[in-house]
Amino acid sequence: MNFSFKNDYAEGCHPNILKALVQFNFDQQNGYGLDEYSQLAEQIIQEKIKSETSKVHFVAGGTQANLIVISAFLRPHESVVSASTGHIFTNEAGAIEATGHKVHSVEKADGKLNPEDIQSILDGHQNIPHQLKPKLVYISNSTEIGTIYTQQELEDLSKFCKENELYLFMDGARLPQALMAFGNDLNLEEIAKLTDAFYLGGTKNGALLGEAIVINNQSLQPEFGFHIKQKGAMLAKGRLLGIQFLELMRGDLYLQLAAYANAKAMLLKSAFTEIGCEFLTDTFTNQIFPIVSIEQAENLAEHFDFYQWKKLENDKVAIRIITSWATNEEAVEQFATKIRALKS
Amino acid sequence: MNFSFKNDYAEGCHPNILKALVQFNFDQQNGYGLDEYSQLAEQIIQEKIKSETSKVHFVAGGTQANLIVISAFLRPHESVVSASTGHIFTNEAGAIEATGHKVHSVEKADGKLNPEDIQSILDGHQNIPHQLKPKLVYISNSTEIGTIYTQQELEDLSKFCKENELYLFMDGARLPQALMAFGNDLNLEEIAKLTDAFYLGGTKNGALLGEAIVINNQSLQPEFGFHIKQKGAMLAKGRLLGIQFLELMRGDLYLQLAAYANAKAMLLKSAFTEIGCEFLTDTFTNQIFPIVSIEQAENLAEHFDFYQWKKLENDKVAIRIITSWATNEEAVEQFATKIRALKS
Amino acid sequence: MNFSFKNDYAEGCHPNILKALVQFNFDQQNGYGLDEYSQLAEQIIQEKIKSETSKVHFVAGGTQANLIVISAFLRPHESVVSASTGHIFTNEAGAIEATGHKVHSVEKADGKLNPEDIQSILDGHQNIPHQLKPKLVYISNSTEIGTIYTQQELEDLSKFCKENELYLFMDGARLPQALMAFGNDLNLEEIAKLTDAFYLGGTKNGALLGEAIVINNQSLQPEFGFHIKQKGAMLAKGRLLGIQFLELMRGDLYLQLAAYANAKAMLLKSAFTEIGCEFLTDTFTNQIFPIVSIEQAENLAEHFDFYQWKKLENDKVAIRIITSWATNEEAVEQFATKIRALKS
Amino acid sequence: MNFSFKNDYAEGCHPNILKALVQFNFDQQNGYGLDEYSQLAEQIIQEKIKSETSKVHFVAGGTQANLIVISAFLRPHESVVSASTGHIFTNEAGAIEATGHKVHSVEKADGKLNPEDIQSILDGHQNIPHQLKPKLVYISNSTEIGTIYTQQELEDLSKFCKENELYLFMDGARLPQALMAFGNDLNLEEIAKLTDAFYLGGTKNGALLGEAIVINNQSLQPEFGFHIKQKGAMLAKGRLLGIQFLELMRGDLYLQLAAYANAKAMLLKSAFTEIGCEFLTDTFTNQIFPIVSIEQAENLAEHFDFYQWKKLENDKVAIRIITSWATNEEAVEQFATKIRALKS
């Protein structure tokens, strides 16, 4: 079977997590997130983001985090602004609309929103009450296409949102990969200051499952638990989420795993660059989108799995290659060799 | 710390599951339920229920299973009939209503619905289109208060539902405990024949998390995956659910764990019976509801944790004691000794 | 064809309304409730209820008013308490649940809620966040079975709601009939003080259609128009609602029409009383529920239309007779004569 | 006060309707759409569209019609395709999303969808079940910007929808204006054959309120009344809708009113054309979008009311002028004179 670079959730979890699951297996704990591990994991996160007043809730996955946060924060007539590449806009089977809220989209080649984008949506929704009231800005960092926000960009967004009484919510399914990217100047402390809520992705960074929702805006914290329960996301054995985040967040494991994933992607990026490939977007996280000929793509696909992302002109195709904390080093070396061999 | 008899989800999971998680950890698998373990687990379940045309979907928890099944099966004007003790009616934070559907309830001391109960709801909803159209009958087996359905009772319900074009859906969060109860004459094959859908509970029977939704009615099977995704319940690493059900379902582990839990509860039941206690309902599964004096309850609570379930007259209280696959044998012995000591 | 006592919406509207529609037909007006008539009607209502800070919104019907108010006021995890006879609980095809909110019911023979009823629901919802948060109390005045609230009763409810941070909402589809009932001691000014919102029914009191929603709680007023629009209830020609309420509310027409309807019902009530009938509930509004034999019911039904409301023991049946502002005086006389003739 | 060309709902209704309301005012009728007028109006519509198996339902307004039809037809995971100018996409305060369904949009300068547009949405939703299933195509005729569909265009759309198992639904808020437009070759009979459902607009063509939903696809007809009731759209005095459509549909009044509105718009269009104006879109219905200088727009606005629709380059602006069945002939003459005077 070919080694897969199709996604960052093909393997299980970091061995430390399995060890902890075994170690604590027969400890009796309270259910529904009131276990000691979850409470301790919340504390560690509060410390790492330097925000004691932030509240942390653990849920199983990203779509779940998105739909719970958005439906809990908004009144029925309030809507969401997203880039057209936003996960909630394209890949969550209408999860947000199913809770009653529209997602407005702005076409963005780089997957990132800026104040002008949001202003354009606000300008187009002045016919009150016939048009919706945009109220929440949804951004992903790193984005669905591997790009990242700079500190200045996030500050600008945050300032704009505050001035316009909009909530700023960051989808962090691949947040650690953003934080460890070459060129990144953001950190968790700043993100906690600049957003109303965000989440720390676990599923794509070493956990079996789990995202840690962090609510910084205190007016949005009360009664959040009801929404987790109502949407079916409150695990009886919340310990499973608590233990995992405890293992990931203490020490540097969480960021180390992302750094590893990024490094492997960059290694493959170098190989493509060497043979003169261009990229659909220039990324420094664990996703790369090199442009190759269809023939080259087929050649690579003989031994490695990845997605053909976008057909382009002149028999070219952008392929998507994703690495993870678990990507095999030897497989990366072999893939890089194979890539370099495309040239001749 | 006291040993807890408060619920059946205080511990982690059966060690076989942890072993398998470790063993398969670095196998690369497809995401979103298309992994080999999930597919194999579906096959084993199809074989055990002797119904090859049934479809199996794994989700994380019971509330999630309930809300996805019900919202996927019903049109907007269709409603649900439940016993007033039904989990969806009282303990899921309005999860079903949040998907737009009303739950009608019938007061039942034993937690079980019969055709007359449902007929009474149908009779009260004849003023079309001003009243809703009851369309799905929700039952739990074992029920939220530990009772079970007999084969005859389920056959009667099934016949009534078919005659009235109603769907019959069984919440099986504690189904194995029902199947292994003293006096039970139902089996999985019959349940698959008599219901449109049901689920096999994992969370309360040895798994870290997970319920296996089984859809028997073929007209309700198409496009079910959309609903799992839309409600945020499709795990990227579906392998976590697949591996667990694979371990539980092959061989007899699944039923053995439930039999163990039931046996421990019956042992404690005997102790209460010996000292002359009555019970709120007479149960043979892993939940018992002995009636004791408040003083006796406080005495027991010094060393063991459990819930005071219902205040009764004359300073009496019904307490709820739950055992599980992981309940410590020694703790049960000590508890039984303590109970018998109440008499003197 | 028989004269119908089946409901209070069998005829068109009060002739004054038709005159006004003709008179103002070609005046150009702003759409969507911004016409001069609607604005003037709001002012008159504010004056009549002596509450200048209350906001008034006109919608087409009662179910619409109920679903818009409730879904606009509540967050997703908040629920409604209603008597089991409440229109929202039994006769609106799940309109409230379709907006995502559960309606808890309390069985009440007289159709009226008191603080103890609500307390019982609060007591049953202490398992947070597994159970919903009851937040809005829905009452009807007059009720669906013709009874009315006294000032003391409404004060008690209002006080209880404030103490428990619950909203109090009065369905006033038949509010004028309550205000003009024998024994009533409530008035619009008090209702505006004691409720967070209520509505003045038009459809059942002389209008072609229309209910005037009055929001007294200023924190619930902002952005209400969005909800009217979103639920499809904002008429392009809002003038139709404005003109009607202008005609009904200026002078005493609104209350006079209800007084007339009540008087006709009382006249029939007297006839039933004279022949020794009992009543399902003792009412003083435009609905009566006399208990007659099935034979008597069939006898009356030869010449008059009404509903058989509830089958009782001993071949008895409670019938429902409703009068309106338009009920023909002669028909009432004939019906009364027919009733008295039942005796012999 | 200036004469208004801002919309086609500034006045009341055609005098014939008022006459009929007066004439039938005291006839007792069944409520909730079961009155004789509504039933007769349905028959006349069935005859005019030459489709006896079509079902007709009357509701109060266009947003209401759209949200009821779409939510009644679709399952939770199914979505809608609309032009970006579609009323449901931009001007209904999220009414469709509030029922749980996403609306995909395609940018179209002329406001009309074609098979290629829909195919592009289908192509972008192949990642099942992570992406929604587009199931209903929403078109408006005439469109929100005054353009119309030809018979060939509708045939092509209908064929494509059938081949792809999509429902085709036509918003007919301004359908009569389309049918009476210069260049139109469609008729009601063809529309009934080619669509699954459509509606005949009343509000913008002579009625006080009201749209007649026509469901042609028999599989979509059952139990539709529940949805009307649940969404608060079932008028107790359905007679109000029945009487209006009876007056409009018998004889040629309905089409005559639209022809009149169109003629007045074309008269103003000629005036703008004479002075060399261009138009944002070339329309032949009751809406025109001439492009004038800001100075010219301000000049006209001194005596006539209309909307500035879109700011353009070089101090130009597209204005929107709408006429109706009630537009005053003299006002049109004066406006035309004023327009011609702009030139000098």
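Order as written gives the chain letters A, B, C and D; numbering starts at 1 within each chain.
The rule we apply is simple: a residue touches a chain if its C-beta (ideal position, glycine included) is under 8 Å from a C-beta of that chain, and two chains touch if they have at least 3 such contacts.
Owing to the predicted nature of the structure, the values given are computational and were not obtained by experimental measurement.
Visitor: Considering only chains that satisfy the touch condition with chain A, which of them also satisfy it with chain B?
Guide: The common neighbours are C, D.
Visitor: Specify the chain most distant from chain D by Cα centroid.
Guide: The chain farthest from chain D, judged by C-alpha centres, is B.
Visitor: Count the C-beta pairs in contact for A-C and for C-D, then report the pair with the higher count.
Guide: Counting C-beta pairs in contact, C-D comes out ahead.
Visitor: Taking each chain's centre as the mean position of its Cα atoms, how many Å separate chain B from chain C?
Guide: A distance of 42 Å separates the two centres.
Visitor: Return the distance between the CA-based centres of chain A and chain C, expressed in whole Å.
Guide: Using C-alpha averages as centres, the distance is 51 Å.
Visitor: Quick one: report the Å distance separating chain C from chain D, using the average Cα coordinate of each chain.
Guide: 34
Visitor: Multi-chain contacts only, two chains or more: what residues does chain C have there?
Guide: 76-77, 92-94, 98-100, 129-130, 132, 226, 229-230, 234
Visitor: Which residues of chain A touch chain C in the complex?
Guide: 32, 71-72, 75-77, 99-100, 128-130, 132-133, 223, 225-230, 234
Visitor: So in the complex, the part of chain C that touches chain B is made up of which residues?
Guide: 76-77, 79, 90-94, 97-103, 124, 127, 129-132
Visitor: Under the definition above, what is the set of chain B residues touching chain A in their complex?
Guide: 1, 3-4, 7, 9-13, 15, 18, 21-22, 24-31, 60-68, 92-95, 98, 203-204, 208-209, 226, 229-237, 239-240, 326
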